[in-house]
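The structure follows.
Order as written gives the chain letters A, B and C; numbering starts at 1 within each chain.
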Amino acid sequence: MTEQGLPSAETLLATLTAQMRAQVTPQTGLIGIVTGGAWLAERLHKALGIAVPVGTLDVSFYRDDFRDRGLKRKVAPSTIPFEVDGRDLILIDDVLNTGRTIRAAMNELFDYGRPASIRLAALVDRGGRELPIAAQFIGATLDIPSAQSIDLEQADGGGLRLVLQPVK
Amino acid sequence: MFLNNNPQLNKNGELHHLLSIEGLPADILRQILDTAESFVGVTQREVKKVPLLRGQAIFNLFFEPSTRTRTTFEIAAKRLSADVINLAINVSSQSKGESVLDTVANLSAMQADMFIVRHAQSGAPYLIARHVSPDIHVINAGDGRHAHPTQGLLDVFTVRRYKKDFTQLRVAIVGDVLHSRVARSQIHALTTLGVPELRVIGPKTLLPSHVEDLGVHVYHDMAKGLKDVDVVMMLRLQNERMQGAFLPSPQEFFKSYGLTAEKLALAKPDAIVLHPGPMNRGVEIDSSVADGKQSVILPQVTFGIAIRMAVMSILAGN
Amino acid sequence: MKIHIKNGRLIDPASGTDATQDVFIAAGKIVGIGGAPAGFTANRTLDATDLIVCPGLVDLSVRLREPGFEYMATLETEMSAAAAGGVTSLACPPDTDPPLDEPGLVEMLKFRARNLHESHVYPVGALTIGLKGTRLTEMAELTDAGCVAFSHADAPLTDNQMLLRALQYAATFDYPVWLRPQDAALARGGVAHDGQVATRLGLPAIPVTAETVALSTILLLTRETGARVHLCRLSSAEAVNMVREAKQRGLRISCDVGIHHAHLSEMDIGYFDPNCNLTPPLRSQRDRDALRGALADGTVDALCSDHTPVDDDAKQLPFGEAETGATGVELLLPLTLKWAEESKLPLVTGLARITADPARVLAVDGGRIAVGGTADVCVFDPARFWKVGPDTLKSQGKNTPFTGIELKGRVRYTLVEGQVVYEAA
């Protein structure tokens, strides 16, 4: 537990790794959603011994709130360094909430090809879904007040931790 | 007496119109270049389209014909899933009564979200930007001799791809600077991004009287001007200026200012060569250079689409 | 009608007067200054406490837009604007449509103006027929019709032989010739001063040499012919230096500067403000400072409004396509006051440039307040601020670079030949 009463991100990552181990092959494509999901994907890729390189998605160009919020300052390029067609994929995100980011990510993925399947892994599921989306792998289910956001942070050494902060 | 706020920025200091590179903070230029970097990734995919501007109406408003530029904006808009409406406004029908502002008022009533404006008169996009409703964005696609900001941006994007650090560069712009909106945009982009030594090379007839005030060094001799430069930016010479009061003949221009392998050898060995196109081979540039290994002229065209996607999506979101 | 202007500060540059003195008017003439003449009973008394009483202003260039450009402005609107600006005598250039090149047109203009019972209108006739630069106009006939001088306005006169002949002919009868120096070829295609701003904005440029090359030709031909020449709208430091030198050498010339050029420079174009597209172009700050200095030392004889009402259809265009010129007859007084104050000049000197001096150029009665003289008077509040804008301008032309700017000095009464032709609400 952290000082904010949150579980340790590293512990949750270990839980997630354990859940996923039996469900992947060296050919499964892991795709992290920037930025938190991409850090997790890197760690899971190493821990699960996946052969194909890890992919990252920045879903900025697919968001449905673009009209209200505009484009964020720094959009990272999406890189999918493997063939998507016919492959089993796992999307990885840090916090699962409304499901809109996952919707955007799936739309973007289909612009790269037609995967055999897509599953979803999230470190934290905080509920509040607005779309019919569910994760197959979950580190923890937490009840977070809507006035607060929960974010994943990466320390200089690469260690991960969860932080609560008021919604801006 | 329009020394009021920069008409390109909204009250939060964000880009609302793109009219000129002059006066834009380096941060905004970098944001555009970084965003374009992501769009280069998109344009290399099998599906080259993203849904970002779905449902938005973008009008190509070309008061001066240019198939090339219009097409790159059209491709960029379509890759952002916007609806593109092309309007070639005949200059003769213009003079028959409907003013620029009437045209723009009519189009605004058609629920336009963005205007891409090309006009033969310097400053025309400013007039339009001043008169459109506040939710419409205007992009200058070339106005008179004044500015061609997306071309300037794609040129610095190309330079950054090959040269990384602007603050270590020596850049030469060669040819008809006087009549060139591209040159003015390149100069502002390069100086804003911190290029320490910028040169312009050309005969006195083709350089503006106060060009030094733009922060450049003037050369009339290619051999001196190209010495040790990292980047050579060639400008297009319009046909009507090749013979007459500005120059005696295209051959004589080529003799003094055409870029040949021999002259390019005076630049650094890894210098790159840019040209905004379309090229006059044998006038501004020799084919062996245009098609040679130091030429980045074709990549410029590819990057042009990503830059325009970046500008449109940043504006639409602000 | 007998009028008593009471308690005002009378400033009359012609006599050097600057003192609190009453002015008495009867039958269109000034009949008393300081004390009333015997038996004077006023029909009307104008209280000028805290106000300045000066001669009605004399403006050397006001475009009334008639005939030919009535869609931009009419005689009625522009004459009422002149009255509101305190201008009681105005010269109008011949660049109407058709140009003022035959006596009938001039007579009609004079007749229409006279019927309005406002300011005195002094037409400047065309120097050549149709301002085309090929055939002389009938200058004697035009003079009889009421022309006070002959000019080519802003139309090019490219043939120097023609210019020489025109000056010779005019000199024969001592008709004044008004010329704006601009070499048409050097100015060709240009829309802005060849300087820093045109370079930055990519505006086709007009070099200073377009003015000085033409000026040097005019000065040489003036010396050769002995013509009485007035130079209009000088815009550059070099040009006023040339005029200063020529005057020192005894050449019989005079010259004026437009109010915009005394205050603005190329920098004011800002982001392509078409209101700053003027003829001649706004030049550098150094040029503007030289014009202001030359106005102060008297090298430049007069300030004028170069009033040019332009409608929105012709003005709200890209900079280079916009018609040149700005509305100005109502700004002449406040902008002159502003220049005089900023130049630390006494009011009597400042006001001379829009009263006695231009009246001397015109060679007409006016521009002074003297017993026995015509009662053309301007009474203004020197401390009153007002904001320039479509609502505060009477002229049909609302195009001015000063829109939205607060200026100091507002006319209270304008009198022409002893009649109150304008009275502030």
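Rule of thumb we're sticking to: contacts are C-beta pairs under 8 Å (C-beta built on N, C-alpha and C of every residue); 3 or more make two chains touch, one makes a residue touch a chain.
The structure displayed is predicted, hence computed values, not measured ones.
Colleague: Using C-alpha centroids, which chain lies at the maximum separation from subunit C?
Modeller: Here the answer is chain A, farthest from subunit C.
Colleague: Can you tell me which chain is nearest the middle of the complex, judged by mean CA position?
Modeller: Going by the distance between chain centres and the overall C-alpha centre, it is B.
Colleague: Using mean CA coordinates as chain centres, what's the gap between subunit B and subunit C in Å?
Modeller: So the centroids are 44 Å from each other.
Colleague: Go ahead and note the Å separation of the Cα centroids belonging to subunit A and subunit C.
Modeller: Centre-to-centre distance between subunit A and subunit C: 75 Å.
Colleague: Taking each chain's centre as the mean of its CA atoms, how far is subunit A from subunit B in angstrom?
Modeller: The separation of the two C-alpha centroids amounts to 39 Å.
Colleague: Can you list the residues of subunit B that touch 2 or more other chains?
Modeller: Expected reply: no residues.
Colleague: Going by the contact rule set out above, which residues of subunit B touch subunit A in the complex?
Modeller: 31, 34-35, 37-38, 40-42, 45-47, 49-52, 313-314, 316-318
Colleague: Given the complex with subunit C, which residues does subunit B contribute to the contact?
Modeller: 1-4, 7, 22, 99-101, 119, 121-124, 126-127, 131, 143-147, 181, 184, 208-211, 213-214
Colleague: Sort out for me which residues of subunit C touch subunit B in the complex.
Modeller: Checking each residue of subunit C against subunit B gives 194-196, 198-205, 207, 264, 267-276, 313, 316-321, 401-405.
Colleague: Under the stated contact criterion, what part of subunit A meets subunit B in this complex?
Modeller: 58, 60-62, 66-67, 69-71, 73-79, 107-108, 110-113
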